[in-house]
Amino acid sequence: MAVRVVYLGKLQDVAGRPESEFSSSSGDLDWPDLVEVLRNHVNEDVADAVCDPRNKIAVNGQIQSDRESLVFKHGDEVALLPPVSGG
Amino acid sequence: MATRWRCCRRSAVARLAIAEPLDVRLLDKGFSVGEALAGFNAAHGAAGGVVSFLGKVRPDGDVKALELTHYEPLTLPGMQELAEAAFARFGLDGALVWHRVGVMTPGESIVLVATAARHRRDAFAAVDFLMDHLKSASWLWKRERRDDGWHWIEPREDDRKDLARWQ
Amino acid sequence: MATRWRCCRRSAVARLAIAEPLDVRLLDKGFSVGEALAGFNAAHGAAGGVVSFLGKVRPDGDVKALELTHYEPLTLPGMQELAEAAFARFGLDGALVWHRVGVMTPGESIVLVATAARHRRDAFAAVDFLMDHLKSASWLWKRERRDDGWHWIEPREDDRKDLARWQ
Amino acid sequence: MAVRVVYLGKLQDVAGRPESEFSSSSGDLDWPDLVEVLRNHVNEDVADAVCDPRNKIAVNGQIQSDRESLVFKHGDEVALLPPVSGG
């Protein structure tokens, strides 16, 4: 299975890229898996950022309120959303 | 000659179609504020009052450019929900909520909000509400290019306070 | 064809000269809101925010027409003083204060106010201030024509309260 | 000497005309004279209205705060201004 992770705002700079694609042959990815993958394949700072409650998580365009119980399926798009600054 | 211009202008104004009651757009190019407001105004001929806010990139110190990033699956749907909330809360006749994304230079328009209502106070309050939410509760991220490169803009405490007024 | 229209519109917008920093007018004919705001906006390119209010004749019950009377020696000078007061009080970059006089029918524009400021709150407050004063402290008298003839509009208690907010 | 009186707003209806011109051969007109002239040559209601402090008085485009001590000169334009209702 494969999931895509999109980094928004300054998390793009933290990750050093606008998005990543992770694939796994060992079934679905859960939240601790994702944090681990980010830590090992991107960097520590992104793994920390994804756990910081000030940064929100969306899966397939839906904001998630309980990130720690998430389980990702093949084709999911996970967005990491730092605090907004629009207008 | 004067007559010819008049003819062009009238027709031009009539050509810009504004969705009713809500016209919500995320724009990746500049837009004509005059045409947008003329179109909005024409679409809401029976409203007693129309209030608008236009926000532009300020030529601030060494700021050379500003970039607004959005996230396709969230940003426009969120703006649409916001417009619907304002519409219901203030009993509006209509609202226009346009936001630029991409790279802009000083003097360029970033955001245009307009509301039409029977009474002035409702139209005012609705624009205020929409702007507070666009600034601190919409899925948009801003960075500035200064002499030493790009800098992400952090959310400001004042913006959060402005938002709290509506809760 | 599309290109030709675009050309007309751009030129038309550039033609409307707006006095800076204050453009105060008493108008005896209808005006184009889109052109006025495009001109005002162009005149204040460096302002961070532009707020406008447009007031129109509401198609209310059996109201067929509305007439605004002014008194030449007082009305325009009073509006000019009012604009100057708003300019100083809110630290504006500029203001536009246009008021129709004469007979208007439902849907026609009565008043257009726009302010440009560095910050949004100042531009908002200035339009609010200007409108409260235009409604209850400017030398204008309004009457409506209904099915049974003309009726003078009495000042409303609410308008006086709105005015008291600024004292 | 002659003075012109302009009736604004609903005072036009009270007076039944938009303005009046009064001339006198006996020197300047003072405030009681004006009230008397309005009473005799226009009507009672206008004479009462001009004394009502809710209606303001302008002379040659200047608002007057102390109407009772006014003395009018030849060519003066006196405006009777009821409460405004603009916007």
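By letter and in written order, the chains are A, B, C and D; residue numbering begins at 1 in each of them.
The working rule: a contact is a pair of C-beta atoms (placed from the backbone, for glycine too) under 8 Å apart; a residue touches a chain by one contact, two chains touch by 3 or more.
Quick caveat, the model's predicted, so the values are computed rather than measured.
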| item | value |
| --- | --- |
| Remotest chain, chain C as reference, centres from CA atoms | A |
| Distance from chain D to chain B - Cα centre to Cα centre, in angstrom | 51 |
| Distance from the mean Cα position of chain B to that of chain A, given in whole angstrom | 30 |
| Chain centre separation (chain B, chain C; CA means) in Å | 21 |
| Sequence positions of chain D contacting 2 or more other chains | none |
| Junction residues of chain B - those touching two or more other chains | 55, 131 |
| Topology of the chain contact graph, where touching chains are joined (line, ring, star, complete, other) | line |
| All pairs of touching chains, each written as two labels joined by a dash | A-B, B-C, C-D |
| Touching residues on chain C, where the partner in the complex is chain D | 55, 68-69, 71, 73-74, 77, 99, 110-111, 131, 134-143, 152-156, 159 |
| Touch list for chain A against partner chain B, complex | 6, 8-10, 12-13, 58, 60-61, 63, 77, 79, 81-87 |
| For the chain C and chain B complex, residues of the former touching the latter | 5, 8-9, 11-13, 15, 32-35, 37-39, 41, 45-56, 58-59, 106-107, 118, 120, 123-124, 127-128, 131 |
